[in-house]
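In order of appearance the chains are A, B, C, D, E and F, and numbering begins at 1 in each one.
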Amino acid sequence: MTDTGYRKIEILLDAPLVPRLVDIARQAGITGYTIFPTLGGAGQGGLWSEDLVAGADTKVLFWTVVSLDKAAALQDAVEPLLTAYGMVWVATAADVLRPGRF
Amino acid sequence: MTDTGYRKIEILLDAPLVPRLVDIARQAGITGYTIFPTLGGAGQGGLWSEDLVAGADTKVLFWTVVSLDKAAALQDAVEPLLTAYGMVWVATAADVLRPGRF
Amino acid sequence: MTDTGYRKIEILLDAPLVPRLVDIARQAGITGYTIFPTLGGAGQGGLWSEDLVAGADTKVLFWTVVSLDKAAALQDAVEPLLTAYGMVWVATAADVLRPGRF
Amino acid sequence: MSGMLAPLLSPVILFFVLGATAGFARSDLAIPEQIAKGLSLYLMAAIGLKGGIEVAEAGFSVDMLMAAIAGLALSCFLPLPVFWMLRRFGRLDRINAAAVSAHYGSVSVVTFVAGVEVLSSSGLPPQGYMVAVLALMETPAIVVGLMLARSGNREASTAGAGLLHETLLNGSVVLLSGSFLIGLIVGPEGFVSIAPVFESGFRGVLCLFLLDMGLVAARRLRGSRTLTARLAALAILMPIINGAIGIIVGTAVGLDVGTVSILGTLAASASYIAVPAAMRLALPEADPGLYLAMSLAVTFPFNITLGIPLYTLMATGLG
Amino acid sequence: MSGMLAPLLSPVILFFVLGATAGFARSDLAIPEQIAKGLSLYLMAAIGLKGGIEVAEAGFSVDMLMAAIAGLALSCFLPLPVFWMLRRFGRLDRINAAAVSAHYGSVSVVTFVAGVEVLSSSGLPPQGYMVAVLALMETPAIVVGLMLARSGNREASTAGAGLLHETLLNGSVVLLSGSFLIGLIVGPEGFVSIAPVFESGFRGVLCLFLLDMGLVAARRLRGSRTLTARLAALAILMPIINGAIGIIVGTAVGLDVGTVSILGTLAASASYIAVPAAMRLALPEADPGLYLAMSLAVTFPFNITLGIPLYTLMATGLG
Amino acid sequence: MSGMLAPLLSPVILFFVLGATAGFARSDLAIPEQIAKGLSLYLMAAIGLKGGIEVAEAGFSVDMLMAAIAGLALSCFLPLPVFWMLRRFGRLDRINAAAVSAHYGSVSVVTFVAGVEVLSSSGLPPQGYMVAVLALMETPAIVVGLMLARSGNREASTAGAGLLHETLLNGSVVLLSGSFLIGLIVGPEGFVSIAPVFESGFRGVLCLFLLDMGLVAARRLRGSRTLTARLAALAILMPIINGAIGIIVGTAVGLDVGTVSILGTLAASASYIAVPAAMRLALPEADPGLYLAMSLAVTFPFNITLGIPLYTLMATGLG
């Protein structure tokens, strides 16, 4: 797999923070993304699982496929917030089709 | 990570189109796949989010782990349809266990 | 993408087996993970789709980002169980931020 | 006409207005997707049962046959003028015009339910067999729409047998007809023990469902990028024309005023569940954002508020 | 026997048939998973409450103790003949035979509910305490099944303490027994204010739930790859044998005909919720596709339609 | 006081206890998330409607205005002593203290509902307009909490206009006020046809919802890593103090005993839906595990069981 210059970036974050992240992504030139649900997990903050009552700490996955330069711009914008927002960031080299779109 | 010759292919598409994609994948020799739900997203077609009423433009993720040759066959079959079907295609190099299965 | 020494490991497995896998992961030094829901899929065991009644063969995705050594430890622990438990294992090279955490 | 508009202040419609208002104001109020799906299945089972029981009581009749034929004919032919208007005034290409016309030839279950509520509370209850007519009217327009898409264009994608199967065994058709049959079999006595759920609960559940429909319609309207002013105007004009045609046909075949009104309402209504899914499969090149915005975000709210009283008025005038 | 079969035309069973038909015809009708889960929780809370209130009214009795002992004994010993039949006629290996036998020793809540409905409408209402017996019968067979899996095979995987905890505090056991206790505490007066939900709504909700069960059973049957004709036949034969044993035991300890019938139904029924989850954990080598197909796709539909009338007939004959 | 504690044996509270017990025992009993969300939307629509209809019957009054002013004032000022206690005795940093104080200034809808149930069954039904007061009290404390976070700390993150919009158009505020308005418009006659769902069904649904609340509260308490003994004690002390303040204010402005009791209950209650979401957005540095554990896992169970009878007793003593 030659690096085609695209990245799939996955950011796990609390549901109420999604609009904030979408704004940040837009400023980094990213307009395409998809949100995935989760069922639960564990980390330093202990175990959690979906509960209705308080959606405040329900996690979702922000999933976006972008070119290298947008990936770098997003990383720069998101990095300072990672700890305060308790987000998990993962980037993977990805092959895309119709590359102009991303 | 040496390229072990496997790909994880993720295709985001509208839920009603899944049976069609499954057929295409079968013709490319792919019989194992998993479907994941999504919560919403944005792209050139604007923002969307799950709504019950019309599942017609609800997106799901078709997720399959395959050998390189099957990946190529799937890409050839899917590429001409990407635009008409509004799909997003992402392929990543992946390590698997029990490689004979894929 | 230079290999930064991290892996994103995704394991597809039956929901009732998750606590077992979490135990195994903990013994491999992994405490952070997230669980994602699925909608259905197909494999050698035929087609399946979520049904309420019996959650016994509902699949979920165990998703964890770890350093190379933890990835190896998890692989060693999980490999002998893969067939009996009917799990699918995928590992991808991944870039992370705040690497100390993983 | 003020009497006709009284239903606008019924809780059912007010919940729709509340949902639409919240949606426009970008409130984060949202009905969970599976709940909404569950409510809509409940509504279909309930109206199916109700229709079946009414027919079990009233027996079969020539009227019933006439209504079925009228409904089938409307579903087959209404797409044609709609297609023409969309091409000519709406400036849509062939594929999109065909996809939209299939929606307007088919019907909306919730519009039907709202219509029955309004008519019953105005003393004009339609016949129970209209549930069966509703089920009959869901699918023919899909086939006609596909034929329109293909006419003069051999390349338009086709789904063939798979689509036919999917359309005929569509969940809402199966549930409506199945519950109708169950109602027919068990009759009024068999219904007693399940009436607390399927009868007493009906209007309350409808309130919650329409709350969600208001939210969804408003979000669709706000989020649509391809809905032009012309198309929005057509999404109000077309139901009026289709409604009028339905009322004329219904009156011509000799149905009573309440039944004619609901036949008009069915003709005027546009599908936003079964047909979009079928079109996404059969005509993937067509824009789902467009046909959903027209049927769900414009025509549905229009019918539910002003349309139904209007069709009732027309039917009363003709009848 | 025609009177016995009359319940087959009740709306509850007809909705099951509708679901099964739609599932076989590959309709896309589907009840959202969480809704179905919600309905099943509701049904368990409702029958728990009902049983508790009936015991609060009737008081404790020797019969109750006898029924509990009979139920426990059945749950412990029924897996043994089942295991033997599966090994011998079903040609299953030890692990799979053990897993399946745990299912048949345990019980199905929905079969119980359907049985109570049928018996009550036939004038043979079982005692309220049978809800507690139902809860008692859910788990012992799991332990017996695991012992069968291990006998002669030291390597079979084991789950140990975790499994015991998981099994005893299984959601359905907790909800059934908890609601039963609440019913006991609040009694008939405390129940009045919640009766519209837990009593009047019961049969209607059961209809919707059985619609889903029909869909799921049909899909399981269609999708199964390991269900042989022999195993399918056993999945009908074993409930008949188990039912007969249950009825003999119940009659022997002196229970009334309605209560004996439901004890037979419990013995005949096979778990498809609690036990599959426990087996997946404790015996991951066993094939879930197989035990779910047998219990859910063959035995459950058989019991719900022909089985219950048959057990009632047997109990009446003996009683 | 034994009469006051009688409601502890109502089915509603017993289901909460069942849920909490199951949660502590690590049972896998769980209400699907979307079902729980659906139940909570139903409860809000139902109490909104009920309040609106009661006001439609009783008409507007000076009392209503006084209660509104009292509620607003409580929501604005209660965060101040709470903040001080959390800083001083709870040893929390500024940001976390501010976030928690916003929760205690705001209100819990389910605590309100449980309070109304208890008071009505004790012959002290509060006025219908208290639903509107409830909606008024949801949001001001959020703004006050943010001001506390910023005071002396320019760096605390801010959300600005977005947050204000999000807070005012928060789903529960919109649904409560919207249903209240619908109740006002349709009045008692318009309510008849939807009463089976929104009135008869109310207590039963509340049982199921509190079952889930018990499960969630127990899991939160078990899973919390940052809840110290001091903070847990404050999570019981603060509602008592806030409740007493609310009762004094309510009595001072001349409300009746039932209405004073519910005002005290509102003052004592802490938000666990709207405020956590707002705080996660506006003060992401604050620990959601902490504020949810305090409000949901300690204060809520305390209020629902011992708190409400206590506030009623205080109000009766003063009144």
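To be clear about the criterion, a residue touches a chain if its C-beta (ideal position, glycine included) is under 8 Å from a C-beta of that chain, and two chains touch if they have at least 3 such contacts.
Model, not experiment: these values are computed from the prediction.
Taken together, chain E and chain F share the touching chains D.
The fewest steps needed to get from chain C to chain F, moving only between touching chains, is 2.
Of all residue numbers seen at the chain A-chain B contact, under half occur in both copies; the interface is built from largely non-matching residues. Chain C has its Cα centroid 19 Å from the Cα centroid of chain A. Our note on geometry: chain D versus chain E, Cα centroid distance of 41 Å, whole angstroms. Mean C-alpha positions place chain C and chain E at a centre distance of 33 Å. Distance between chain centres (mean CA atoms), chain B to chain F: 45 Å. Shared contact sites, meaning residues of chain F that touch two or more other chains, fall at 31-35, 37, 196, 200-201. For chain A, the set of residues touching two or more other chains reads 36-37, 92-93. The full set of touching chain pairs reads A-B, A-C, A-F, B-C, B-D, C-E, D-E, D-F, E-F.
Residues 32-35, 37-38, 41-42, 45, 49, 165-166, 169-171, 174-175, 178-179, 181-182, 185-186, 190-191, 193-198, 200-201 of chain E are the ones touching chain F in the complex. Here chain B touches chain D in the complex through residues 14, 16-17, 19-20, 45-57, 81, 84-86, going by the rule given at the top.
Partner chain C is touched in their complex by these residues of chain B: 1, 8, 22, 31-37, 60, 65, 92-98, 101. Interface residues of chain E, counted against chain C in their complex, comprise 31, 33-34, 36-37, 40, 157, 162, 212-213, 216, 219-220, 223-225, 272-273, 276-281, 284-285, 288-289, 292, 296. Across the interface of their complex, chain E is touched by residues 9-12, 14-15, 18, 21-22, 25-35, 196, 200-201, 203-205, 207-208, 211 of chain F.
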